[in-house]
Structure formats: C-alpha cells, structure tokens
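The structures come next, written out as structure tokens.
Two complexes are shown next, each including chain A; its partner changes from chain B in the first to chain C in the second.
Up next, the complex of A and B:
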C-alpha cells in the first residue's frame, strides 16, 4: 500500500484509485455529458490530492495540538461519570492520560461481551454472567465465626444465593482445600466447619484462617468484580468491571469476535498488537466523543501507530517515545535534563542536529516545513568557474 | 459507647450521647453551666465535643422550642421601642450563642413563619444568613449564586476611601476615590459594616442599550461630561523608599544633588526637581526617570585600574527615581529611620486617574466591564426629560447571566432618585411589586423603560430602553498601570535575552507552546527570526570544537587549547553558548563539530 521513496512515504496510486472508484460509480450515474463527467472526475482527483499533507508538514505537532487543545476544554468537566448502566468507568482526561501513558492496567478495566446467537436469551445471559463474575466465599456467606471450644471456624452459607449461583457446598470445601493446605471441612446443613490439621491451634491461627477463608475463590473469573446484563437492541450484552480476555473467551456461548475490553495491554498480549492499536484509537475516540470533542481519527491513528510501531505498546512520555528520541538535546529539553546530559557526556555521544527542538535550541532553522527546502542555484559566476574547471 | 471530649481532651465515654448533649444544653439554659459552653455531637465519629475554651467564633441565634420561637413578635416591638434590652433577652436565654461545632447540630429557621417542630433555632434576622462581603449586595435573592460570589469579590477590589488618615500615611500603593457616593439602593448591614461612612462607588444613570458596537463583550460606554464632573475620579498614591546605609571604612550614603563627576551621573534635567538638600520639592511634577532623592553611594568595586580614586570620584549615583508608569506630583516626603538607626526617606507621588478607555468598572451583581468608549454628552441618547446616561451597557450582559437583581436595582435606583429616598435592597426585604407601583405613581412606566432619543440625529429610538440608576464600583485595575509594549529594549546580562516584566520594559515571551504553533505551520524560518533575540556569532576551533579566542588587540583568532588559527565563526543562540560554558564548568567537554570539517 505504501512505498518508501527517497525517505518520503508516498501513497500508492492504487489507494487513490480505490477511493476515487467509489465516487466514480456515483458520477457515472449522474445525468451529465461524458465530457462533464470527465472534468468532474479529474477535479475530484485533484481535490483528493490537494488534501494530502505536504512534504515537510509537522504532522506530529498538528496531531498533538488537535488532540490536546480540545482536551484542555474537557479537563474541568467531570472526572468520573456513570456509564449509564451503573458501572463507574474512568472517563475524560484521566482516561486519556491512562491510554497515552500506556499504564499497565487501567483504573477501571471493563469488558463488553456479546453472546452467540443460540445463547442470546435473558436466562442464558444471566447464567453466563454469574459464571463470569468473581465469587469469593465472603460473597456467599451470611456469617463466619470462631468456635473457641472446638477450635474451629464456622461458616454459615447463604442458602438462597448458592442455589441461585448453583454452587454445591462440597465444591466450596474442595475449593478451600485447594487454596489452604492442612484443612478439614465438614458440611453441616447450611454450615461448613473448618478444622485445622495442627497439633496446637491458637486463636490467632483461627483469626488468620477466618480472613483467608473469606478470600477463597469459589466461582467465576478472578478480577471481574461486576457483571451486568443489559439489553441493547436484539442483543443481551454483558458489561463487566474487571477484564480477563483469555479466560472469558473460553466460556461457552460468548461471541469472541465482538468481545471488547479496555485493557490495551491485555489485548496486545492475547489478541495482538494490531488489535491493541485499534483499541487505542477507539478508546480515545470514545472518551473524547463522550466529552463532546470531535477529533479527526487520522490524528489518533498517527498516535496509535507510533505507540505500537515497535511491536509492543510504548507510552508517550519520559519512558516511552520521548525518552527514545535519538537526539541528546531533544531528550534533555523534555524531561530529566541532567540524566540525559550526563549519560551523553559519559558515552561521548554526538548530536547530529536533525530534529526540531535541537535546532530551536541553538538558533538554527529547524528541518520542517519551509526549512526542509534548500535551493541550489547556478549563478553566472559559478557557471563560469565550472566551465573553467572543465577546460 | 461514644467518646466525650472537653476542650479537645478525652475525658470518658457515654452510652447515650444525644441525651448527654440535650442535658448539657438544658443545664446551660438554666444557668447551671456557663453560657460560654457549647456542646456538639458528631454522629460520623460518634463523639461528643464540649468546648469552654477561648477563641471560638460564636454567633447569636434565637432559641426555638416546640416549634415556637422564644422571641415573640411582641418582644420585637418592645425591642424597637426600647422597652426591652438586649441583656434581658440574652439573660433569659431567648437568644444564645452557638459556636461552629454546635451550629452543625442546630436546625436553623431563616424566618419566623417557616419554623417547624424540628427546628431548634431561628436567625435573628433573615439577612444574617449572608456573610459580611455578601450582605452588601442588593437583591441577592434575585440573582444566580455565582453572580453574588463575583459581585462580592469585586466589591473588595473597588476604589473608595479605605482609610480616613490616608494623607498621613506612606503605604507603597493606595487608591482613593475623589467624591464617593452612598448607594441609593442600600442594605441594612451596610450601616454595621461602615459602608455608609466610607462608600466606594457612584450612583450612575444607566441605559441598557447597544452603542455602535463599542460596548460589545461587556464593554461600557461612558459619558465624557460625567467624567468631567468627576465620575469615578480617583487619586493613586505611590511611595518610593530609599535608605541610607553606612559601609565599613567610614563611608556612607549621602543625600545631595550629585556632582557631574560622580559615576553614573544622569542628565541635569533629571535632577531639576531637587532642592538644595537633594530632596524633591513638594508639589513638583515628576516624570518617569525623574530623581526624587539625590543619593550617592561609595563604589562597590575599586575598578581595574590600580589608582586609588579620591573624593567624589569614589562615589556612584544611587538616586531614587520614579519607576516606569508612576509619574505624578510629589505629595509628601517622610524622613524617618529604621531599627538600626539608618536614615529612611520615603517620597509619596500622587496622580489623578480619570477613568479612561480600558479601565474596569463593576456593579454589585458581578456585571463587570471595561470602558470601551468615552462619548461626548451630546452624542449620547437622552430621555424626554433630558436625562443623559452616564453609562451605556450592552443588553447581552443580562440574559445568559440571569442577573435579575441588576434589573431590579436599576428600577429601584430610579425610584429612589425620583422620590428622593433610599431603597432597601436587603435579602428577602425588597419587593418588586412595591418598586413597580411607586415608579408608576411617579409617572413612569413600571418596568423602568423609557423612550430615548438618538443624540446624534435626534430621532426617537424604535424601542423603549431600560434606564435607571445603578451603583457602580471603579475597580483598581487601571490600564495606565498595565499597558505595555516593546519593540527593542533592555536585555538580561547573563543570557542576552530580553528582560521580563512591565517594570523592566520586558518582552512578551514566545513560549514553548507558541513555538509549536510555528512548527505546525511549517514556518521554522519565522521561528528562528523570533528566537533570534540573543543571536551571536562565536568563533569556534575547527579541530577541537571549543570556543576560540578573538583577540582584537593582536587582531587574530586562535584556539585556547591547540593554539592553531583554523577558526570558523558560528552563529548560535547566546543561551546555547551559555549552556556549553556551564557544561564546561561541570567538567563536561562539549565540542562543536562544524559541517564540512
């Protein structure tokens, strides 16, 4: 699609043809003469070419300004916003920062899960939701108490809730045993009595056991604290708080092709870097649009491309793109001046002065825009010199 | 069990905190506990705080029992007729003082008719819900809350008569309004605050209309004749201080008219206002740069030449001069001394500031604006009675801000001026209906609108226009103290870049983000030009890349390291050269490698 020509990326002619082809079909339908059609097509093609960025345009700066200027307007507005369905998902500037800084995990990871056609009923959706939502022992118990006479811990289960979630008490015991070693659990109606296989059991042991028991994972996927079913159109959609693409995708009935997460790193790990790039674009577009900002996608595409070009996600900032600039002076100009200067001094690095900031610093014309062009002209005298040299 | 604290110290626990609080308050009201005691129960922390210490801010509130105020309507009348004293009411625990903590537990009714069974207290007066700054605003209940906030904030910035002994003082800066007026529309608390004795504004005739686009974006049109009559005229005082120090070796600063042989002697004109002692004469007009006190100090360094300077040659001019934008007339000279016994001279310069285009004015409703045009009286619209407005305000200032109180003040001010009485605009007190009927009674339209006639053509305007009187503050943001521009001028010694700030005739910085705009436009050559203020040509050694020596005496350039003379001149920002020097001082050896070398 693209070819590299003398260091400048020039768009392939076929792309132009593809785009114009769409319009040409419509032009052909028009009730005008063939000559006019030709003229229209030509002017359309010219117009399309006019929209190209010019050689030397500072598209990075333009993209940065196009995103950050409207972002300053949104700053003062809400930090957190309820996302309509009762889940609080980070919105606005904090979310945008989160994406550009490439934080390993978002503050509020979330997923949007669609179901396969045959599972698209309310009951099945609720069932799937309950199998996704993380359930710990503390969620399904009414009371836990210490029996100091027998030195045991008693856990009273919520009968209704376990029936609803269809968890068998013996499964709870086995789940606990897997997590905590040297433990015996006996089921006594609604209660489970846990006894430690230890000679001397102190009250302190029982207390720590009690708190450990509460956190034992019984059902669902770890990290997904909420899962809500919502009907949008004909589909029953599951919204989750917490994200785990790998495990959720293994659950039966889920339409993997339409599953969305906002955890970009997780996407990069499970689906791949291209998907992560797409998610960066869509997440920023959505958060900006929620704040009433309409930024051209092409700016975001550029940002997403540069963030993912190395194969993994790089942040925009000190430890990411800005930190990996080749020029010492440009890095020193941004952040951690001393660190960069000292490193350069120790390693004896030289700066070629090819970037913009370096040249602004020393007072030279930066190599962008009109500064890229140099005119080599043959004056009369130089031509004569050349001729003399030939002789 | 809730914890109980006395004066912040833990003293014990109690089972029923609410009953404890109730009992303590009851004991206070029956004189079994001191009146100064306040109790509060914090249900979030489950603790009782009892306070009897000093330093708590407390305020009086009427006690309400079983849905009835203890201060009855009859008592109100008795108080008014001096048949009952405040002490009596206070001693009978009809009114009690609550501190901030106990107030949190109280449920306070604003007026008598809204008391319910749950209420525990009632305000002495409904206007006491406002603080000092907000209580000087008129008709606040008819404005949006944020406007009151802006209004009271700007009242603080108004020019008035802040102190009545201003002629005796020599503060650094202070502004005094020449002929302040008491507002026609007033509030009750103005008496208490003291605004009746030193007001800070003028009652202006206002017309709410457009005016050839000169009052867009909240600008104000001002009547030239009103300015001549003294509208908003103020006097700005500024003092200049200099002290006289003693140095070791018996040298000291001294006051005199400096001799021409003194180092740094200014021109003779600059010293022309000084009397024979070297101090400026009172009531003389001093321009910028004019000397207020002639002062000579000993030289800081003896100089490169080894000869010892004697007499006046050993001194430099260190006179006190008028700084940029502070020219005026000398008001007074104060001679005093500091704690070490050094002589201090303070010269107060005064300048009359008539409102001009760019000065800021505001009403009490957060309606601020900058003067956009000063118009001769004959060109302004007039009413059938021949009234010409002092200010013309754009009607676009009203709808989005919803300052209904402003409109009402205009009408109320009109009623007050016509009837010759003050109008009360205290919260919940002023009644729109009353104002309207009295204006109608006075023979005007009840909404305050009037037919205006174009001052230039004499034609009647198509629409009736709201005219009336409103109180305007002149705020101390005067253009004459802010206006600033520079083309070329002084540069900082170290960086060779333009200085910063108005007082130093500095430049306006083209910052990091502005720089990005030039780049985004693809205009790096323009950018280089704008950043070229500290451009220098530096000789650099081609071999070792270090800054070379340009010896003017021997007329040759050579490298200080390799001593050879293969030198190129490189143009760069002086700030960059400075950075290289600083790196060298850190034992880092930065080399400049010229192209084609």
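Up next, the complex of A and C:
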C-alpha cells in the first residue's frame, strides 16, 4: 500500500518486507555466493524504490504517453472472433477510443456469463443459452404465405426447432396477439393461420401483416443476437453478442456474481461505479494485450480512477475531463479556444494560473516537477525516508 | 437510472466479483482519514448516492466510504469516496 504524506511518498514497509520475504524464501534455491546474495538483496530494494514517482512528477502525462505511443502500433480495424464462431467483437484502436470517449453503448456489446454449479452441464447450458438468445418468429418458421382465397396469412413453423427451443405454438399466438391488435390466430398442425378482424382486408394489409409477424419477439432477451456456449476449464461459459445484465440476472441458473459485460455504463448502472472502474481497466488491458502491447497497468489504473472520480463515467476529451477543467486558459488551450475565452469574458471569470498549461502560456515556471518547490527543507518525514533508503 | 429496467438486489450486488467491499466510516474514522491526507470532504473522489453499490451497502449523502480493492500491483489498495 502506498501512502502520500505531505508530498513525500512513503512506501509502506510491509510491501518491502513482502518482497524481502520472497527473497528469503527463494534465495537458497539459487547457487550463488554470499557476496552476490547481498548484492542481489540490495539491488532488489533499490529496484523497488526506483519504482516510486517523485513528488510533482507529471504522472498524467507519463500515463498518456505510455498508452498512446503503443496505441499507434495497434491495428486500425480489427475484430476478435470470440468462441471461434460468429461473434465479432470490436478490438484494437476503435475499442480503445470507445472506452476513453465513454460512449454510452459499445458498437459490439457482449456479455460473458457463468452458470451456477448445478446448471454446469452441456445440456443445461445450451437450454439457458436458448432462453437468452433473442428469438423472433422469423427464426422459427419455414415459410409464411398469403392465402388470398381466405385473406389470411399462414405461417409454417419449424417443428424440430420449436421442440428444441420448447416453444408451444399457443404461446406464439399469444405473443403475436400482444404485439399486433385485432388479430385471430388458429393453430393447424404445423401451421398457424392469422386472420384480421377487419371488414375489408386488402392484399396490402396482408403484406404488411406478414412482415410485422416476422419481427414478433417470441422468446429470449431483446437485443441479444447471439449466444454461444463454450467450455473453459470445467465451466460452461456463455458468450453473447448484445448486453442486458438486468434481464439476464432473472434467468434461472445464471451465476449472477460472475456475469460481466463490456458495456461500462451498463455495469455502472447495475453494480456501481467501482465495478465500472474495474471494467475499464480490464477492457483496456485486454484490448492492448490482444494487440501485443504491454502497457504497465498502473497507467490504466490512473486513467480509470480519473474517469470515475466524479462518481459518473467521464470521457477523456472535450465533453469530459478536459472540458471540465477549472482553469479557463487550460480549457481554451485544449479545444474550442474562442468559445471558452468568450464565455469567460462574458462571465468575468478569473484564472488563478495554478496549472501547467497556463504557466507555459505566460512564460512562468510551471508548477510541476522541480518547479513545484520554492523552498526545500528537510522535515521529520523526509529525514525518515532518507534513513530508510540508507538501510 | 433507467425507468423500467431490472436491477439486482442488494446481496447480488454485494457478492458480485467486480464489486469491492465498501465500508461506511464513522465520524472518528472520517476525521482521521481527512487529517491523514490533509484534504476536505469535497476534495475526495465522489460516488453518487444512487449508485447501485452505495444503495446496497446503505450509505447516505455526506458519508465517506472506504473501498478496499484488490489490486494487481499492491495486493490490496484502499480508496475513499464521499457520497454526493
């Protein structure tokens, strides 16, 4: 655990002790002399202390560089094929932009769902998958045709498929009736015949009805177009295209504690901002890693913390963090210069010149790094740190 | 908050893998934290009072919550947010 105390970063001694403990455990396995052992211990300690940032370091800029430089190396438009079939999930630069811009819905929302122990079998997993995947009438019918003699629409169902999905024909009729008013449906074997309760039914009416019928939602969750079962280790995992955590949580057999989505806003709405922060980190890490980029996770942690510090997810950009800076000059420096300057002039806003950009603009020493201190002096705490460093 | 959407119940939220432990600090602990970091309540990172996790853990506006996260780099990391 790190502590920031009056600008002096003190490493919690327990962390150093943890590292040294690991050293003590494993040192005997190495075939090296006592002198080398001592040197190793010292360099371990030094290495660890090198990892601190000094007070006043512009860690935001460092994070920005560390993420953007590798991002230029990533492919512009690439898709990752989850589960080997069908599911194209946005990856690469478009996905990174999507996260940092805090878009309300990703282009390809996706969920990863685990099952409860007692449902963790292939058959049950497939059943659950079929009750999650959106099924419209068009998915389960073989043919729909117009009967111009009786002025009706006949829908022939795929018998095998509706048995597999366990959808009863009368349920289909009631689903259709809920969606389309003034309609009668009669089941005739594999066929359902729909008749309009209307005096004069024209052919045009029938055509409209036929297309409406195809889109009637019969089973599953709206918006989830694919649901694939894959076995990872001992678990059967459902991968979906389309995301709706709230509705999925109501389906029996789902392990609610382990269902995740790549829609950050949905996560924030369902389980809170802290979970959203974790998702931001894991999504960016995964995207970068898929591209072979190895950015230190600390930079991403910083970005995620900043994006969520207001309690809501803020984008990094004009309408997000950069647009909500308190300094007028800093905002004007970024984008929409004239807008910000005019607004400030009209409202009579003053600028304290505390930030970096403002000071660079007027040619003063920026309050960053060594420019932050005017008088340096040894305090009790810094003396303690020096002592620790000597040890 | 979307009208008509389905939300999880408190236990489901608390047990979710992505949700770290949120603890509400009492007045004394709050004082200690603010003094330790030399900040005011307004300067702490914020969390909305209609946040799903905040509702589940039962915090109120003005509370400071201590969030114990599992961290990749430091094992456990502690974060504070004030409820607004």
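In this section, the second predicted complex is superposed on the first by the 311 of 391 C-alpha atoms of A that agree within 3 Å, B and C clash if a C-alpha of one lies under 4 Å from a C-alpha of the other, contacts with A are read in each partner's own complex, and residues count from 1 in each chain.
Methods note: a contact is a pair of C-beta atoms (placed from the backbone, for glycine too) under 8 Å apart; a residue touches a chain by one contact, two chains touch by 3 or more.
Owing to the predicted nature of the structure, the values given are computational and were not obtained by experimental measurement.
Peer 1: Check whether A:272 is in contact with chain B, with chain C, with both or with neither, and answer first, second, both or neither.
Peer 2: After superposing on A, A:272 lies in contact with chain C but is clear of chain B.
Peer 1: Is A:301 in contact with chain B, with chain C, with both, or with neither (first, second, both, neither)?
Peer 2: Touch status of A:301: second partner only.
Peer 1: Of the partners chain B and chain C, which touch A:335 in the superposed model: first, second, both, neither?
Peer 2: neither
Peer 1: I'd like to know which partner A:62 touches here: chain B for first, chain C for second, both or neither.
Peer 2: In the superposition, A:62 contacts chain B only.
Peer 1: Of the two partner chains, chain B (first) and chain C (second), which one does A:170 touch, if any: first, second, both, or neither?
Peer 2: neither
Peer 1: Counting residues of chain A in contact, which comes out ahead: chain B or chain C?
Peer 2: Tallying touched residues of chain A, the top partner is C.
Peer 1: Applying the touch criterion given at the start, work out whether A:260 contacts chain B, chain C, both or neither, answering first, second, both or neither.
Peer 2: second
Peer 1: Considering only touches as defined above, state whether A:36 meets chain B (first), chain C (second), both or neither.
Peer 2: The answer is neither, since A:36 touches no partner chain.
Peer 1: Following superposition on chain A, which residues of chain A contact chain B and also contact chain C?
Peer 2: none
Peer 1: Show which residues of chain A lie in contact with chain C when the two form their complex.
Peer 2: That would be residues 1-2, 4-6, 15, 18, 245-247, 249-250, 256-258, 260, 267-275, 278-279, 297-298, 301, 305, 308-312 of chain A.
Peer 1: Which of the residues in chain C come into contact with chain A in the complex?
Peer 2: Per the stated touch rule, the residues are 1-2, 5-8, 12-13, 15-20, 22, 36-38, 45-48, 51-54, 56, 67, 69, 71-79, 81, 84.
Peer 1: In the complex formed with chain A, which residues of chain B make contact?
Peer 2: 515-517, 519-525, 527-528, 531-532, 534-535, 571-573, 575-576, 583, 588-589, 591, 593
Peer 1: Within their complex, state which residues of chain A touch chain B.
Peer 2: 54, 56-58, 61-62, 64-65, 341-342, 345, 350, 356, 359-371
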